[in-house]
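Input: structures, listed below.
Shared between the two complexes below is chain A, which has chain B as its partner in the first and chain C in the second.
What follows is the complex of A and B.
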């Protein structure tokens, strides 16, 4: 069943096009990585889907409902959660308050306490520091908190923007292990922005390559990783998108 | 889990208890001196506490600076005058009041509550429009609101007395009455800040995009906090009228707007404790300097500051505080009781016990 459908989505910042007609589909329970160079439109894609920026053309469907043009807050109520890039946490709020912010829209209030302890189980360090100001956490802990907060709205689809940005490799492993475990537990559908195809291949899943605001490749992350190695080995900075198109 | 959370909430509610205790101590010390003018100063200070705490409910949680709250104060103050002044007085000074209002002679408490509610209603209507804006645009719009209120109340001769003052208000708002209202405001502010709406609003203060992505409707929470804020600032206006006995639109314009914002910033805009501490510290300093200006005797010799020195010194003190502590005296922290025995629960034991 198609969870998320993006059809010919365009985003412009003034006259500058950031996303030029992206179409992609995401099945329920799937894990999709979005990769591509800086400025390819990865973050714009996520923001446009989540309603944080408005699209100039095209539409987004969640479970068959058109969500294009709705406010970010309304889209969150549909069960879509976005974890923004750069660990955008509420730094003067405590860890636990950060987690509780997302619970305002939930009808199942009695499940909230259980969900919070579930997140503390997944990220024990957050439980230890639950009354600390979120701004005092380390980068990795803030990323964990951002993911935990994203889960507190009880989403069916979660989009995570570059969870590995600026983190030590072992912390990135920990973040991905937890994401994968949570996905299996909750039957989540995941869309993750990840620059490294090697990392995506290790975690496993489908991968979409963006370049210049367009989808230029779509396939198994492992295939991309192989291509990347070849590319690095033989062609240096060769046109990644072309080689991918050939590969597919 | 529930327990730890509830205990933490209880701990958060020790903040208003401490703050109210400080206010009570303040009044007790002042009344112990038996000085009438000090007692009046205490009442004025507590009125400002009510106002600034009311202001904080909106400004502190939303992060949007408001220049318009003195307008709510004016609305509350005049409403109480309409409801409580003796009908003969109203006939003489406010001839254009509708008959039902001209003949009204309400007791103090209902008049205070209704005046606060009128201010809250105006906050709801004005906020519905203004809070569609964000950032500095919203702040400027609140200033426009203040200018509108001031113009209306300065010119509506037959209803507000315009620039000639409304006199003859019952001066019942002494240090004890104002202490009660200041305490109610502190309690309400603490409950609001720790409510789901207060939490959501503080999240938008930190990051609007991330808050929206968490399903927070910023507009709705801002409007709710402005309405509660409008109520308490309206009540503070009622108290001011019934403390001075005289109402003049000038009392609710730029002077009060800026000194109260200064108190909030000096105390620390990020916390309720900052709002209360800022008012107390600056009010006491101002009173001390005013007395110094009048001259004090030390060992037979009389010292006096030149007049005007008080304003200059207060200005310098505020600048120094902000240079040394840019986030205010409290640094945005709340006064709380230490968490005796809570530490054990907060540590690793906790998550395990829940599963």
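What follows is the complex of A and C.
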């Protein structure tokens, strides 16, 4: 069943086009990676789907409901959650308060406490620091908090923008392990922005390549990774996203 | 008479008024990055709501006749109402506009309220006596303190603690603090923008009403232009406190009150008429040294 349908979506910042007619589909329970060089429109795509920026053309459907043009707070109520690039943690709030901000839209109030302890189980460091100001957390801890906070709205579809940005490799592993475990446990549909095809291949899933605001590739993440590896072998340590483009 | 406690009470009472006015401005700035220059006019509006509309020089009490137990909640509600109404009529229409456009329209809104008052009540300041008994001095630790000063100090502490509790313990308070830090992120988590903004305006308006009651009791004057002066000091307090920081606004309000009372007492007699010049010089110095505000935390992001 199609969870998310994006049809010919366009975003402009003033006169500058950021997204030029993107169409993609996401099945229920699927894991989709979105990759591409800087400025390819990855973040704009996520923001437009979530309603944080308005689209100038096109349509977004979630479970068959058209959500284009609705406000971000309304879209959150359809069961879509977004973990933005740079995390955007509420640094003046405590860890636990961060987790609770998104619970206002839930109908199942009695399940909230259980979900919070589930997140503390997944990321024990958050439980230890539950009363600390979130601004005092390290980058990796903030990423964990951002993911936990995104889950607290009880979403069906979660979009995570570059969870690996600025994190040490072992922390990235931990973040992805938890994401995958949570996905299987809850039947989540995941859309993840990830620059590294190797990383995406290791986690496993489908991959869409964006460039200049358009979809230029769609396939198994492992295929993209293989092509990138080949490029690297021939041309040395090239910029990953660049070599991915050339591979096409 | 003991000079030090006397100074302390004067400073705390004046600072309390400034702190409450500054808090009203900081609340709105926190959630929507708007310095609402009409805030002073909310105060004037609440003052004039106490008397019968007429342009006569002598004020006849209208709402002001009601017993305090009725008057206080009604006036607080009235302050909240004018603030919420102006949000609905003006600022909501400009929600997606440039912040500068919103600020300019807050000036315009202020002028509209001021001129409406002018048209109805005339331009002459009116003598108005609300709770005159409160100005009777009583003796506290060797200082002669008008009862009102004590009430102002207690009220300020009460308002600040109730507000802190509200922000800390309630759902809407949590949403307000989240929205104050990052409005877009809060909305992505389903926080309703309109609820948070309306709540902030209601609180801010109620705070304007509280300031209005205190000012009227203290000065005994209703003047159409009274909003501008308190607005200026309150705005400076929010800037010095670090725009958007609620504890900063309160602390800076008290600080300005204290400095101005101390200057009044310490300056040589000839220099006293220029007290405000000294005060604002200190404001400039403080902004030169800490442009982000005296009480802004090191981790706080620049907001303007």
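Everything that follows uses one rule, which is that the second predicted complex is superposed on the first by the 234 of 248 C-alpha atoms of A that agree within 3 Å, B and C clash if a C-alpha of one lies under 4 Å from a C-alpha of the other, contacts with A are read in each partner's own complex, and residues count from 1 in each chain.
Criterion: contacts are C-beta pairs under 8 Å (C-beta built on N, C-alpha and C of every residue); 3 or more make two chains touch, one makes a residue touch a chain.
Please read all numbers here as calculations on a predicted model, not as lab measurements.
With chain A as the common reference, the superposed partners chain B and chain C clash. Legend: residue contacts after superposition of the two complexes on their common chain; A:124 is shown touching chain B, with no touch to chain C. Using the contact criterion defined above for the overlaid structures, shared-chain residue A:116 touches chain B, although it does not reach chain C.
Contacts of A:71 after superposition on the shared chain: both chain B and chain C are touched. Of the two partner chains, neither chain B nor chain C is touched by A:8. Using the contact criterion defined above for the overlaid structures, shared-chain residue A:108 touches neither chain B nor chain C, since it reaches no partner.
Once the two structures are overlaid, the count of chain A residues touched is higher for B than for its counterpart among chain B and chain C. In the superposition on chain A, A:90 makes contact with both chain B and chain C.
On chain A, the surface patch touched by chain B in one complex and by chain C in the other comprises residues 50-52, 71-73, 76-77, 81-82, 84, 88, 90-93, 97, 100-102, 104-105, 149, 152-153. Chain B contributes residues 1-2, 5, 8, 196-197, 199-200, 202-203, 205-207, 209-218, 270, 332, 346-348, 350-351, 354-355 to its touches with chain A in the complex. For chain C in complex with chain A, the residues that touch the partner chain are 171, 174-175, 177-178, 181-182, 184-193, 297, 299-300.
Residues of chain A touching chain B in their complex: 50-52, 71-73, 76-77, 81-84, 88-93, 96-98, 100-105, 113-114, 116-117, 120-121, 124, 127-128, 130-131, 149-150, 152-153. In the complex of the two chains, the chain A residues touching chain C come out as 50-52, 71-73, 76-77, 81-82, 84, 88, 90-93, 97, 100-102, 104-105, 135, 149, 152-153.
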